[in-house]
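Shared chain: chain A. Partners: chain B in the first complex, chain C in the second.
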Partner chain A sequence: MEKVIAGKPITVNEEGYLTDFNQWDEKVGEAIAAENHLSLTPRHWDVIKYLQNEQKNQVALSIRRVGKSGVVDIKELYSLFPNAPLKTATKIAGIPKPASCI
Partner chain B sequence: MNEDKGAIKKMMIILSKGTLENVYAAFVLANGARMEGIAAEIFFTFFGLEAIHKKKLEHLHVATVGNPAMHMPTMLGGLPGMEALASNMMKKEMEKIDMPDILEFLDILTASGVKLWACKLAVDMFHYTKDDLYEGVEAIITVGDFYKESAGEGVHMLFI
Partner chain C sequence: MKNLVILGAGTAGTMMANHLHHHLKTPEWNISIIDERDKHYYQPGFLFLPFDIYTPDDIIKTVEEFIPKEVSLIKSKIDKIVPEENKVQLTDGKQLDYDVLIIATGAKIATEETPGMEGEEWQKSVFDFYTFDGALALRNKLRDWTGGKLVVHITEMPIKCPVAPLEFAFLADSFFKNKNMRDKVEITYVTPLSGAFTKPKATEALTHLLDEKNIRIESDFAIEQVDNEKKEIIDYGGRAIPFDILVTVPTNKGDELIERSGMGDDLNYVPTNKATLQSKVYPNIFVLGDASDIPASKAGSVAHFEAEILTDNILHFVKGEPLTEAFDGHANCFIETGNDKALLIDFNYTHEPVEGSFPFPGIGPLRLLKESRMNHMGKLAFRWIYWNVLLKGTHIPFVSANMSDSGKHYEKALNE
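Then we have the complex of A and B:
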């Protein structure tokens, strides 16, 4: 379905995840973050860029892997994205929701 | 029950067993809750305490006896070394699916904001002290304290 995000029509799935990463830009990311009551700091962007890169390399995302990335530890990840960190961060990053249980 | 359409706000998990498969079940459920934005706490009691006992937590085993799902004859499961063998096989498979070992999992849980509690009665029974326990354990508490900790809307309790 289509949703207007940051003034542009964007295709998202029923949970609000972008289905086409080409429609993503930083303004879209900021708008999704604002919907989730987050304002993005440089540390948020570090995590978002890292997740996008992992997605590009087709790496399955998990909390454990992100924690070991050297980009952010698990404690900081939860403080940056307090409510469902991986789900929220991937939504902002414009990439699919991870299917991981750990 | 009707608040927020019955949304789960907090999982209170009681772990009473020290077998690898039960400990992992409790940890995956607690971690999975945090990943969904749900609070989680674990109360370790009886053999569940082994999962937070510094010297024992790295030596947990799967049960090879009295576990029909192992598809192993009970007499075979009781042979010396069989539990260790089955446990090592399971640990290898878990590593393949990115499952952390017990100590690393405890670190992940505490970093994720999961509160860990030790049951006072069981700690006394096994003659453990706070020093024997994983440092991320909040405190040794009574069952009454645990119930107080569990107050609130959308709180669910699970016994493993």
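Then we have the complex of A and C:
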């Protein structure tokens, strides 16, 4: 479905994740962050850039992996993106929600 | 003479020994299987032991009785694999050369991943049921527990038999009902996932059951530590959940031997081609069961379907033929829901569990994703099937290694 984010029509799935990363830019990221009551600091951006890069390299994302990445530890990840950090951070980053393993 | 070596004589390794000895015979081939244990545990029984439904005798047999006599069984701890030299080193200093290697060393709990988990309260008020000792200690605790807060908890995914902790919560509900003390027990189900399960349709059905049984769910909980003094589990966001009994499923990891061999990912699982079951790095190494990193459930039923396909592929490999990309991630699991009922789910890499009938489309007798007594009988029969059919590598009539989508009620667009 379509949703206007940062003044642009953007295609998202029913949970609000972007389905086409090409439609993403930093303004879109900031707008999604605001919907989640977050304003992005440089540390948030470090995490977002890291996640986008992992996604590009087709690495499966998990909290454990991010915690060991050297970019942030899990404690800080939670303070940056409270509650469900990976889900919120991937949404802001414009990449798919991490598939949970079965 | 050529050597085929199987590491691990649990569910998957034992099946492979039984399949392969029919095909790879002396004098051309010598098959060995190595395990450090004498006992073969029926791990699905660990779910029932705490509730006095099974006794230890029901779920323990010897490793030896399931290994065909043509296969040499070596009892030893494996130190490491040296894949560049096609060698396996045992901790007693012995060494084995292989032409083809099968890794089936499974997965096990790693309590050390969570601070405080194996602390003061371990096996006093903090328990696991993924080991025989853990399940037994929990049985003894539950026998005369007078009630309080029971917290059933998953540390992180993936875990073996991902539905087992839910089943534990359901069985606890009916256990305390039968003891006429359900009103004295508050059951909370704590999961790192956003809901009861990983797949949408099954999550819907299971959430409904949790509600019906008055089991509270706390989702998106990533544990940081167990506080032994306050008897709480605390997540990275600071959320604290108090318990009188904590039944946790610790992080699951592959054996350290995989780490010592430099062959694993960060959880010691071996990178494996999900369709052929061949190692992604070494062509003469194959991996099945819980030891691999493929995105299928870590379940005995999965190992069974894999074993049929891996047998074909190993025979292809030794003849120099191309491998078949046949494994579809097929899993088939009963979910105990308490009160002598169960659900059944049947799914694969691309098809989530849905409602329907199994194994005969439209007929059953088993019902997919619906509670029934017949499904419960199926779960109990699984123990007999495990010891008498599965381990021996016998094909189960009417149930194919690849999933069948007839008899299943998919919506037009398949999720995932």
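Following the convention adopted for this analysis, the second predicted complex is superposed on the first by the 100 of 102 C-alpha atoms of A that agree within 3 Å, B and C clash if a C-alpha of one lies under 4 Å from a C-alpha of the other, contacts with A are read in each partner's own complex, and residues count from 1 in each chain.
In this section, a residue touches a chain if its C-beta (ideal position, glycine included) is under 8 Å from a C-beta of that chain, and two chains touch if they have at least 3 such contacts.
What you see is a predicted model; the values in this text were computed from it and never measured.
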First (chain B), second (chain C), both or neither touched by A:34: neither
After lining up the shared chain so the two structures overlap, which partner does A:71 touch, if you call chain B first and chain C second: first, second, both or neither? neither
Applying the touch criterion given at the start, work out whether A:84 contacts chain B, chain C, both or neither, answering first, second, both or neither. both
Chain B versus chain C as contact partner of A:63, first or second or both or neither: both
Take the contacts of chain A with chain B and those with chain C, and give the residues found in both. 62-65, 74-75, 78, 82-85, 87, 100-102
Interfacial residue positions of chain A with respect to chain C in the complex: 62-65, 68, 74-75, 77-78, 82-85, 87, 99-102
Residues of chain B that touch chain A when the two form their complex: 28, 31-32, 34-37, 98-100, 104, 108, 111-113
Of chain A, residues touching chain B in the complex: 60, 62-65, 67, 73-75, 78, 82-87, 100-102
Spell out the residues on chain C that touch chain A in their complex, using ranges where they run on. 156-158, 162, 192-194, 198-199, 220, 222, 224, 235-237, 266-267, 295-297, 331, 416
